[in-house]
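In what follows, chain A forms one complex with chain B and a second complex with chain C.
The block that comes next holds the complex of A and B.
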């Protein structure tokens, strides 16, 4: 049967919506009624059917619209996709990973056929049928990383591993929560994390780097991160701050449910086999408050989390201006009754 | 168990004597599928079931990373070691089912290099077999200098010369041929990265000269798996699991901990990767540190030990395991 892809936008008229099935599969990131940083990394293994973890690379009803939005971003700003010269091999690694995983999870939409290094890739939702030579960039319309990440949901950072550190040396970043690949390109793990508050003091990055440099082939890992976005805008980049920053002043008690979105990133970490690099897919899921509160447990819990969030985190996540309005709106949906443990809806 | 890497069920598809000391082993997957792709310089850990003993030894993958139908390793027979290489030479025959780890690369090429300058000594040639194959496939710029004892022990020199011709330079100890190291290191183009794999003495010599001649440490890469050395038996208390164990003469501390049913994490089992680093709670005696992971300060402090390669002599040792 396959996925019915929605026709929708992430800009201008913002027609993005989640279907009822997609609301229930939303990766709600709070397992308890409070939130604080932790090194919340776990093995990236297949999860329950009907969840976003059913496949290790998730394709959902927003696929086609997200790929169209990515193409628009790249047309305006080609620097959202960059790969330093030594990262081409890692790009081929990523192309193999994403083609394999998408074809494995969604055979009705994607087909990969290999005959030695002659590969044929069929992407039915986007109407692509290409035959190319694996390893020969001249046989693809773009470099391998750009080619495949124009056909894969989520942002992708490819990290080179050397000198006991990880280096942000390639990436496709168009659906980011206010950070810039063009700014971070070539930086190491500590440099690109420098702006994050509180976590350095807790030694989180030192431990995280040790973990990441030891990620093994065939054993990917994952974590969830979250923030909030006004309007379902995928491209909340520093480059376009002038377009989305002012949105944060437009939240009123009347439009909270429609405008305020919880933005969850499913981040995963994979060792790449040929280049020995690490790829870091950052997959963004959006859900508006009206959709989220259809699950009463999530409404109660989100109210408590946002109400009690430490000030530094609220500032870092850019919630300060509309937090009181949001908390007030959510409080009406919180009768004070307990929430069940775990992430899922009741 | 979270220790180590994912395992691969393989069958020995071929055993080929290469010369009087070295034998090559070929592995294929038992299910007939392709093996995972790997990068030049990667190793696998081979599990050897020898009676009631299990040895886990790392060996560099030496085939082309472009061919994943089979993995190949080369094992040099060590008549005075702990028996892993003797087991491979005597007991491993075609058709034997074995378990190996997924590939792990702790000796990766720096793909930014304008040129890769490789120095191999003896069996240290094996990671370069894969790295040269990888680079040749991509049109990479490399040069390999290979030191061996005699022409008949120049493992794979003939293959390398045939594949890469003048990019391979050979030096035979018995003909008194020596690498003019200072000259070699002083005449490289900017952007060259140096890789060395061989006996400890050679690695130290090359690293020292490179430092003295002003090479940045980020451009000098080396791989030295210290094989665990045999030694006097000793007793250890594992405080967390509440066990007391004896480490046998031919056993490593890590193997003895595993035999007691405790599974510390590991990757290289050669004192390089840092995974099995273990805190010392108390001791009365002397450590024999053989790893390349802990700092000299750590070694002096008596607070840490790498159980994969290091040993202990004395009255008591209590570890946080």
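The block that comes next holds the complex of A and C.
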């Protein structure tokens, strides 16, 4: 049985919704009633059936709509997809990884057939059936990274490893939480994280870099990150901040449930076999408050997390303007009773 | 000397004579004084293997002080843009072991470093010293236009007209600080403009 792909939008009329099954599988990012930065990296291994970790590269009911939204973003602004000249091999590595993983997890939707360097890729949801020569860019309609990431949910950063550091040297970034690939491309790990408050002083990035530079092939790792977005908008780029920023002034006690979305990033880290680079998929999951609070434990916990969030973090995540309205709305769903340990709903 | 704030923000040092036979100095305005100060520590004959490229400020000062160092080559340029073709050729043809010294405004250091990086010179092998104006070169994240010599916070993009917060986040590749719309959420909020980078 395949996935039923939703017809929906992430802009204009914002028809994005989660089905009840997708609400239950939402990767809620808080395992306790408070949040602070941590090096919360763990092995990226397959998780329970029906969770977003059932496959290491997750494809869900939003796949087709997300790929359509990506195509719209790229048509407006091609700089969202860039690859420095030395990164082509890593692009082929990524193409292989994503084709293999999607075909493995969803054989009814994706098929990869290999005959030496002659590869045939069938992507049924998007109506693609291409035969090409692996390693020969002239046999694809785009570079290898762009080709496959136009067919894969989430943003992708490819990091080159040299001089004991990781360099953001290629990426497809159309669903980002307010950072610019065009500005950050070519930066090292510390430089592109420079604007993040508090974490440098805690030594977070030094430890994270040490971990990431030691990632081995076949042993990917993952972490969750989160923010909030008004309206189910994937393209919250700084490039378009002057277009989506005004959304943050539109939150009222009446529309919190529909407008305010928790945005969770499932970030994973994979060593690439030929280039020795690391690919860093940033898979974005959105859920509106009305959907989230159908799970009473999540409603209680989110209330406590947002209420108690340090001011610097609230500012960095852009919550300042609507936090009081959101906390007031969530408080009505928090009877003060304890929450069970762990991420999942009760 | 600009204060260190965040990690992508460049840190500048003090020029000091490096071993080697070939030395290229690129400076603007008060950057000339960094070269003059360094010269006091240089071994005899040092400038016999040196080229100095200088972009004087509006007041045209410091030219004579640099000429007095008797560099092997001395070139005056009216602007960085006018210097660019020559600089690309010089760096493209540079010997292994060319020592690069950049002094003056952040915009000059950043742009010269950008050309040198493209020529394959590692940024850690360049000497830099910040002198003079704190004015910033800023890229508008929205329209991608570069505004030169930004001295205020916030600053207006000279291309699209948005009012931008000039961040400390800096890209060596673009040789620019990032400008992000300061009142994107509510355009009627207009914060006071301050002379932040005189």
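We take it that the second predicted complex is superposed on the first by the 346 of 346 C-alpha atoms of A that agree within 3 Å, B and C clash if a C-alpha of one lies under 4 Å from a C-alpha of the other, contacts with A are read in each partner's own complex, and residues count from 1 in each chain.
Definition applied: contacts are C-beta pairs under 8 Å (C-beta built on N, C-alpha and C of every residue); 3 or more make two chains touch, one makes a residue touch a chain.
As the structure is a computational prediction, the values presented were derived from the model and not from experiment.
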Exercise for the section: With the two complexes superposed on chain A, say which partner A:239 touches: chain B (first), chain C (second), both, or neither. Expected result: second
Practice task
Using the superposition on chain A described above, determine whether A:273 touches chain B (first), chain C (second), both, or neither.
Solution key: first
Exercise for the section: Applying the touch criterion given at the start, work out whether A:321 contacts chain B, chain C, both or neither, answering first, second, both or neither. Expected result: second
Exercise for the section: For A:219, decide between first (touching chain B), second (touching chain C), both and neither. Expected result: first
Problem - Partner touching more residues of chain A, whether chain B or chain C - result: C
Handout entry: First (chain B), second (chain C), both or neither touched by A:192
Key = second
Exercise for the section: Kindly classify A:61 by the partners it touches after superposition: chain B alone (first), chain C alone (second), both, or neither? Expected result: neither
Fill in the blank from the handout: Contacts of chain A common to chain B and chain C in the A-superposed view none
Completion exercise
Residue positions on chain A within touch of chain B in the complex are 85-87, 89, 93, 96, 135, 160-163, 214, 216-219, 273-276
Handout entry: In the complex, chain B residues that touch chain A
Key = 5-6, 36-39, 41-42, 65, 102-105, 108-112, 134, 137-138, 218, 267, 273, 275
Exercise for the section: Using the touch definition up top, name the residues of chain C that touch chain A in the complex. Expected result: 6-9, 139, 141-142, 144, 162, 167-169, 171-174, 178, 180-181, 184-187
Problem - Interface residues, chain A side, partner chain C - complex - result: 79, 180, 182-187, 190-195, 200, 238-242, 245-246, 248-249, 321
